[in-house]
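For reference, the structures are reproduced in the following blocks.
There are two complexes below, and they share chain A, which is joined by chain B in the first and by chain C in the second.
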Partner chain A sequence: MKFLTTNFLKCSVKGCDNSNLNFPLRYVRENCQLEQDESIEFNPEFLLRIIDRVDWQAVVSVASDLGNTELPPNKPEFEENLTDEDMVILRDLHTLLIQTNIVEGQMQCKNCEHIYYIKNSIPNLLLPPHLA
Partner chain B sequence: MLATPYVSYDYNKVYEPSEDSFLLLDALEADLSWLNNRFNDAVPLTIEIGSGSGIVSTFLMQNGIPNANGLYLATDLNPWALDATLDTCSKNGCKNSHFDVLQTDLTSSIRENEVDLLVFNPPYVPAETVPELPHSNHAVRDDEWLFLALDGGDDGMVVTQRLLNGLDRILSCNGVAYILFCARNKPETVASKMKFSGWKSELVIHRKAGWEVLSVYKFYRN
Partner chain C sequence: MARKRYLLFMVQVHLNFRLAELESLADLHGVDVDFSSYSVDSPFMIVTLENDKQASDWIRRSVLTRAIYEYWGEGNTYESLHKSVQAHPEFEQYKSANERKSFKFEFEKFGGNAKQDISTRVTTIESFQYLELKGPIKMKNPDEVFTVIEEYKAISENIGGEVPEKIYFGRLIQLSDRARGALEKYDLKKRPYKGTTSFEAELSLVSANIAQVKPAHIMYDPFVGTGSFLVAGGHYGALVLGSDIDGRMIRGKGQQTIKANFKYYKESIQFLDVMTMDFTHNALRKDFVIDTILCDPPYGIRESIKVLGAKDPERFAGKEDVEINGQKAYLLRDYIPTKKPYSLDSLLDDLLDYASQRLPINGRLAFWMPTANDENVATIIPLHSNLELKYNCVQDFNKWSRRLLVYINRGHEFNGPNNSGLSRTGNFRDRYFSGFN
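And now, the complex of A and B:
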């Protein structure tokens, strides 16, 4: 599962929908195995739109779960003409959001604490019968 | 006419692309420019529920539906379907799209009001019950997965209705859902109920397939 997808995943438990702790999930670093997928090309325009769309708070939170604490607390803003510095930031975000793949891992709801697993890059968010 | 993706998988475990799958492709193709216009400049999030072989998701990515900047997710209950979906996607070379598959029930693990395009060819065959989810990914008889692909309970509508009931919390404000029905689902009644609760409900396409009439409706906000 790509890092970017973490920006769309919440806890499946219905009762957690009324809590604001059900998103983002917490990623358990010790049990997460990451891989970089270099095959996806860097496209600054696409990335700008992605940045516009994502919940930045959640990006920062998941990145720090996974050991990256370098991100600015506020969503970066870019002028019409991208500077060299902007390009460096965008490249970094490309590496993080688009190329980083969580191959194996654990994620936990901050509300109900239910743990979900990622295996072979595929997250399983099904609930056991007593929670469904 | 847009090309149909190449698909090959073990159809004892995963729903084989059929008339319903193809009708859904035709509906999306017919609405291609409508969708392009609607999502013009954005990074739309597309979710296919119950992707089975992956034919529909692959078709969307290959043809830039709803646009060329899309993010795509596909879900299924059946782990073999997720495997098949990844396989179909890579066999057809859709590489540069952002795409992930998730094992989840409908959209229960997707953040609310984020989905721009939702596509669902549901289990729509009227049946006594909706089959229970096989308990583990192992030691499950293959045909259990196929029943899950077909049986839709009362009127074949139980799973679809569950989705429609939650649609307001699933779609983004601009979002649109394409859903496949068979005649025994009483789609006209479903559509007029949806209209009554404030949705635009439009028939996109319909076709006779054997003794069954299949149709695709789209639902979006006024």
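And now, the complex of A and C:
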């Protein structure tokens, strides 16, 4: 599961939708096995469009869960003509959002504390009957 | 602005989908096309457009056409074709614009089986001398390709005509996705990971076009299976995401996975993720905009319809307290939640409802729905008050058919008809297995 996907996943328990704690899920660093997939090519235009969709606070929060506390508090903004400096930032974001994979790990809802697993890079968001 | 005439050369297959594809691609690229001369029986249509770029934008992604040409002329014989070309109001302008360019001639035909030998072709090419092309002939990557298209009337279904009934001549503007090899590239036979529910390349690409999948936008398939629609969406540049309640399909086997398909197609950047999830217990955050939803929901033939929950709740009462080695069983890594049967009608209601909440205004939902042909019962198409049913394209099989339903999200003000909660699809599965008798 790509780091980027952590930005789209909330808890599947319907009752947690009434809480603002159900997104993002909490990732426990010790339980998460990360892998870099360097074969995915860097495409700044594509990435810019994707960054538009990203909830930056959640990026910062999950990155910090996983041990990266270097991110700026506010979403970087880019002018139409990308400078060299922009490209450096975009490359870093490509490495983080697109190339970083959580291969094995756990995600926990901060509201109901249900634990979801990531196995072989695939997150499993199914629920037991008493939570469904 | 002066508009120019173009010749569109289409294919005579999936005719219930062809106009929908052409309209959707024109709309997607903001190209204003007058379809009044469109005929389902003809592979040709002459249209006027503002410029070559419009023609190119419109047809580049198309699967149910071959190409679009700048229209130079037509005739029932070569003699009348040459007259028509020279009488074209833009003839002098076209001639001088191409005078110095490198070029080659191509021959296309429709409905004929007459094989032309090279000397006949050379003679034909020489008959165009009046074009006064002075540029070099280049067989590889010429600046311009001049194309002669011969239309034959087939003698019977299997026997092509011998003499062309009509001949068109034009300058190639854009080959379609089909003519550039998309069907060969995505042929299921060559796909590393596929399954019994994989959807064939041609109609999955057509579906993605009618659904207006857009580059660098999000496409979601909530019943992803082996990922056929993700492949189609990725081909058109979307960032694709899928989920399925059945984890076995999305896991694949060893090296054969959905992700590996993207690697094989060299389109890894288009693939976001697939996840094991019950669509009706959705984990995608509510403010995450999904631009397009494209899917083939399970309809109970090769896969049963299930959602999370206990079929017999009494049997599961208190199970949440079961512990294994001091740990809640349902919180263990290898816990497998129980599932219960669900009806196709409810699932489709949920799908329309979800689309109305998640799609942006004018975003499209497209999905396939099976119907039996055996009864004199009108097929009821699911409707939602926020969604405009834009297309209902039928693919007919012998005793049943399936249709691509395409909806556009128009928002709350649309106030369209709603038939949620109605039993529509009946017992398609039972009728399928009883041979529709």
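The rule is short, and it goes like this: the second predicted complex is superposed on the first by the 132 of 132 C-alpha atoms of A that agree within 3 Å, B and C clash if a C-alpha of one lies under 4 Å from a C-alpha of the other, contacts with A are read in each partner's own complex, and residues count from 1 in each chain.
The rule is short, and it goes like this: contacts are C-beta pairs under 8 Å (C-beta built on N, C-alpha and C of every residue); 3 or more make two chains touch, one makes a residue touch a chain.
Computed from a predicted model, the values in this text were never measured in an experiment.
J.: Does the superposition put A:Ile115 against chain B (first), chain C (second), both, or neither?
T.: second
J.: When the two structures are laid over each other on chain A, which of chain B and chain C touches more residues of chain A?
T.: Partner with more touched residues of chain A: C.
J.: State whether A:Ala132 touches chain B only (first), chain C only (second), both chains, or neither.
T.: both
J.: Figure out whether A:Leu4 sits in contact with chain B (first) or chain C (second), or with both, or with neither.
T.: Both partners, chain B and chain C.
J.: Could you tell me if A:Glu30 is touching chain B, chain C, both of them or neither one (first, second, both, neither)?
T.: In the superposition, A:Glu30 contacts neither chain B nor chain C.
J.: Return first, second, both or neither, reflecting whether A:Phe46 touches chain B, chain C, both chains, or no partner chain.
T.: In the superposition, A:Phe46 contacts both chain B and chain C.
J.: Scan A:Glu85 for contacts with chain B and chain C and give back first, second, both or neither.
T.: In the superposition, A:Glu85 contacts neither chain B nor chain C.
J.: Could you look at A:Ile98 and tell me whether it touches chain B, chain C, both or neither (first, second, both, neither)?
T.: Both partners, chain B and chain C.
J.: Thinking of the overlay built on chain A, is A:Lys14 touched by chain B (first), by chain C (second), by both, or by neither?
T.: Touch status of A:Lys14: both partners.
J.: Based on the A-chain superposition described above, do chain B and chain C contact any of the same residues on chain A, and if so which?
T.: In the superposed arrangement, which is not itself an observed complex, chain A uses residues 1-2, 4-5, 8-12, 14, 17, 23, 39-41, 46, 49-50, 53, 98, 121-127, 132 for both chain B and chain C.
J.: Quick check: in the complex, which residue numbers of chain C touch chain A?
T.: Where chain C meets chain A, its residues are 215-218, 239, 241, 243, 245, 247, 250-251, 259, 263, 268-269, 272-278, 281-289, 307-310, 313, 316, 319-320, 330-331, 333, 335, 337-338.
J.: Spell out the part of chain A that touches chain B in their complex, as residue ranges.
T.: 1-2, 4-5, 7-12, 14, 17, 23, 39-41, 46, 49-50, 52-53, 98, 121-127, 132
J.: Which part of chain B faces chain A closely enough to touch in the complex?
T.: Touching chain A from chain B are residues 41-43, 45, 69, 71, 73, 77, 79, 82, 95-96, 98, 100-105, 108-112, 114, 133, 169.
J.: For chain A, which residues count as touching chain C in their complex?
T.: Listed in rising order, the residues are 1-2, 4-5, 8-14, 17, 23, 37, 39-41, 43, 45-46, 49-50, 53, 55, 98, 114-115, 117, 119-132.
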